[in-house]
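There are two complexes below, and they share chain A, which is joined by chain B in the first and by chain C in the second.
Right after this comes the complex of A and B.
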């Protein structure tokens, strides 16, 4: 059985907050293939196109037949724990702060034997499941858990270093005036978040979702307008030292493109909310969160951007909206690099069309807010970095990987 | 200025006593609400301010800001070109209105009790006539200012007072406006709410009648005023120049009133 997670405690005002450190982060270009798989929650390894041999660690040439065509394929996650050990001493600063640390060798059913981080309740000889997870340096590592989950499995401290579990953490949801904001608040609450802070812009414009949020236990609402630098700064001065997961779900969709709907005001509003809004949040909350990346079992861990799938390829029916989302996506990559020293994961959730008022004229499939919220929570629990939510976003991701020109030409509502 | 001249008398009153200068202007700050339009329509930008420098690495000698806002933000001046009814009139924009029109007498009618009792209160001709019986007729080329104490509502939600049927804020009755123009020749209408029309005026027979008739007759609007309680019913002089924006439909204005009498403690 896994030791239950201790409840979060109030901060000791005279204890120094540990500075964030990173586990070793050097990887070969081939090994970054593992990072790409871990980022989206896949368990894939190189498999030789000639002889079928599954490779680990990643390499340029097949270890068996010297073939050089090694495509990444999803493989069986099962294996047997052949050996286990507990590290009691480390010269590496990251592990030095965290010993004892359990490691083991897993014989994969797919072939290779791998060194993996071990969940607390894995024992030698046990059947285990492997996963690829991003560690605090943002690189992929192997992680083994019992095939049959034990009690409190999600409380495993080594696993929490690899995930961004909302349990016991304090969350800021930037926009409480949409159905997604409400679904996120409910889902974080169900996932065991300690406190949920929710922002509201233009309070004189009523929103049913916000009224429902106000009625939830454990939720506190604040004025927050991402288009107002003062407003964002004021909230950061109140919450900057508390927020452990920030969810930027700012949203301002208006149909139209560049030629057929030339409207600088609408386009500027989109940029102000999606791009400059993220910039304002990053500039005010970023440093405070980054400084708390190693603040105990409930330290700051994640920054989630809910972005449109059209951030990756422009949908001309929502042309300027797509462009503002692309700007936000680029800035999120910058944020990812800047937050990395604190071990704060920047998660980009790409969503397809939502089933809301502004997508009235868009044919199904459209996403319900609960689906999006559930996927965000799961990504945090499992440690994913990029997620495509819904059939449209998944298809865009696939087609972009296959042929970006094809989807640029053919994208439809 | 020549001693004993008209302007020296005026300045003597301002600096030496006898004339009070009252600020009728809201402070421009980011949380000041701007008028709400249906979301598929164009929206007015709210007031926003970004620091250029504050005696720091961005500019060690000075503090200054970049601003953005719509023309109709905070306490502001509505020019006739603002409304479709006034679009073809001469001298109808902030840069072409004769500047002497930015100085005018003001009549102030106190509707604060009625507005407190009913957020949708509408000011009628009967009330004006009763007011005139007490304070004298509205002179030609005067502002009519509707005091409601609405500007005391500092909270944006209470100030805008919106529900699913729109805003609920006091304003002029639709029949009052033509009468004010034809019978009293007012220069414009001013009030404390976010616009010169009542919150529900979009549902009137002529939607937004104060805008429609006032601007259609080359008169002005002066919404989002404050401190109207400091003005006498008759006799104040308003200074209301908008920024000289080319073909501007309005502009935030620092609206001042000159009031005869000593400063009240």
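Right after this comes the complex of A and C.
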């Protein structure tokens, strides 16, 4: 059985916070393919197109037939634990700070033997399941867990060092005045988050979702307007050292493109919320979170951006909105690189049209806020980095991978 | 085609550049000092050595090529073998063929490495593409973690106990006490071994070699030449070499020796019962157990019983790693792959630095190296004999 997660200790203001380090992140180009699979939550390995041999570690030539066409395919995740060890000594700082550390060799049913991080309750000879997850360096690693999950398995301290589990952590939800904000607050609460901080802009404007949030236990609300640098800075000075997961869920959607609706004000508002809003949050909360990236089992771990699927390809019906989302997405990639030294992972959730008042004229399928919130929580628990949420976002991801020109020509509403 | 023998070949001038835990010197210095000792020991001029076989992890960015200019030599035969712990017998067999064929007259086989304060971590942090991608990110334990897996699996599969590995380590330490350059000279008790600091379960401190700086070297030439120089020398009865054996074994329980063992003894004209001492590659005791099995001294899985029934000290009935092996002398990088071979030459030419095996006429030196991913890929071994000329 996995040892239950101990409650967070009160922070000693005098003690030096553990400095963030990363696990070794030096990977070959071929191994980056594994990272691409883990980022979207797939368990895929290279399989030879000619002879079918499953390859691991990643390579460019089939170890069986010397073929060079090795597409990534989803494979069986089960296997047998052939050997285990508990390291008491490590050569790199990240693991040196975290020993003892359990590892195993798993003989996969699919063929290869793999070295994997090993959950507390696996023993040699056991049947295990493997998953691919991104570690604190942002690269894919194999994790082995019992085939039949035991109690508290999400509390495994090693996995917690790699994942971004909201359990026991403090979360800031940037915008509490939408149905999505409410769904996120409820979901984080259900996932065991310790404290939930929720922002609201324009306090003079009533919002039913925000009233419902205020009624939740363990939730504190704060004034927060992402278009106001002072407002963001003030909140960061109060909460910066406490936020362990930040969810930037603000959005401002108006229909219209560049030719038929030449309206600088709307376009500027979109940029102000999506792009400059993210920039203001990054510039105020980023460094504080990065400094606490290794602060024990409840340290800062993730920054979530809820972005439109149209950040990846412009939908002319929402043309300027899409453009501002693209700007935010590009900035999020910058943020990902800048947060990496602290081990803080940036998760981008790409959503299709939401079922809200601003998508009235959009035909279904439309996304309920609960679906978005549930997927965000799961990505944090499982260590994914890019999520396509909903049928529209999934289709866009697939079409972009297949033929970006096709979707550029055909996308419309 | 049947394999040619090694008739007329002499192996001589065993050289060890004394080990140090850390050194400010470069690998070039260790290789260079080894060459200086080789020519002084042989009584030849530097220019008389016209072949080199080099093995080193820490020469980078140089290779054997850069070393020729560094040391001011102009060889007509040059080899650089990237086989780490397997390099000793591999260098020997290549050098012997070069001399037999007349491509070189005197070949210096040199394995040397330095050890700066952070060089071990640097070596294992970029050891191979597979290790970078699929091993080092998992705990960055290096060879300790890899051998912990092999040891854990071996113990459960074959019922070996910590005490069995301990008996081997204690015997080797006993052997090391008379080796002047051994890094570890304090007697080791079984209790010390069993209760040492844990490193990577089931391995504890005395299961692991100590990385250090140093070099091992020897010369290969015709026996006529050796005789005219008045050099005591050993002969080569047989050698083997194998890479990436048994790739379908899900985890390593045996290595290349097992594939080649029959031909190995046939070629030598001797059997395991005729071997007077064994120098096995010993970065961790489990690999010694595999060598005892794979080289035919007992069936697979029975090394623990074999060790229980035999005395592995130099004076015992199965003299094993008579200088103390890497576990007590230290692992000077690639030199670890030649340590056993150099000790074998000493034993067979009455030039021991420590205790001699009584009446040793035939010795076996075995080498192992390169955990590229989950297992050691390179194996080699040689049977050497006492020269009657």
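Miscellaneous remarks
One rule holds in what follows: the second predicted complex is superposed on the first by the 413 of 413 C-alpha atoms of A that agree within 3 Å, B and C clash if a C-alpha of one lies under 4 Å from a C-alpha of the other, contacts with A are read in each partner's own complex, and residues count from 1 in each chain.
As a convention for this text, a residue touches a chain if its C-beta (ideal position, glycine included) is under 8 Å from a C-beta of that chain, and two chains touch if they have at least 3 such contacts.
Please read all numbers here as calculations on a predicted model, not as lab measurements.
Placing chain B and chain C on a common chain A by superposition gives a fit, with no clash between them. When the two complexes are overlaid on their common chain A, residue A:222 makes contact with neither chain B nor chain C. Touching more residues of chain A than its counterpart among chain B and chain C is C.
Legend: residue contacts after superposition of the two complexes on their common chain; A:82 is shown touching chain C, with no touch to chain B. In the superposed model, A:114 makes contact with chain C only, not with chain B.
In the superposition on chain A, no contact is made by A:72 with either chain B or chain C.
When the two complexes are overlaid on their common chain A, residue A:103 makes contact with chain C while staying clear of chain B.
Contact with chain B, but none with chain C, is seen for A:204 once the two complexes are overlaid on the shared chain. In the superposition on chain A, contact of A:230 is made with chain B only, not with chain C.
The superposed three-chain arrangement places the nearest Cα atoms of chain B and chain C 39 Å from each other.
Across the complex, chain B is touched by residues 202-206, 223, 225, 227-231, 263, 265-266, 269 of chain A.
Chain contact summary for the complex, chain C toward chain A: residues 120-121, 124-126, 129-130, 132-142, 144-145, 148-150, 152-153, 156, 197-203, 247, 250-251, 373-374.
For chain A in complex with chain C, the touching residues are 23-28, 30-31, 34, 56-58, 63, 82-92, 94-96, 99, 101, 103-105, 107, 113-117, 124-125, 135, 137, 139, 141-142. Looking at the complex, you find that chain B touches chain A at residues 30-31, 33, 36, 42-43, 45-46, 48-50, 156-157, 159-164.
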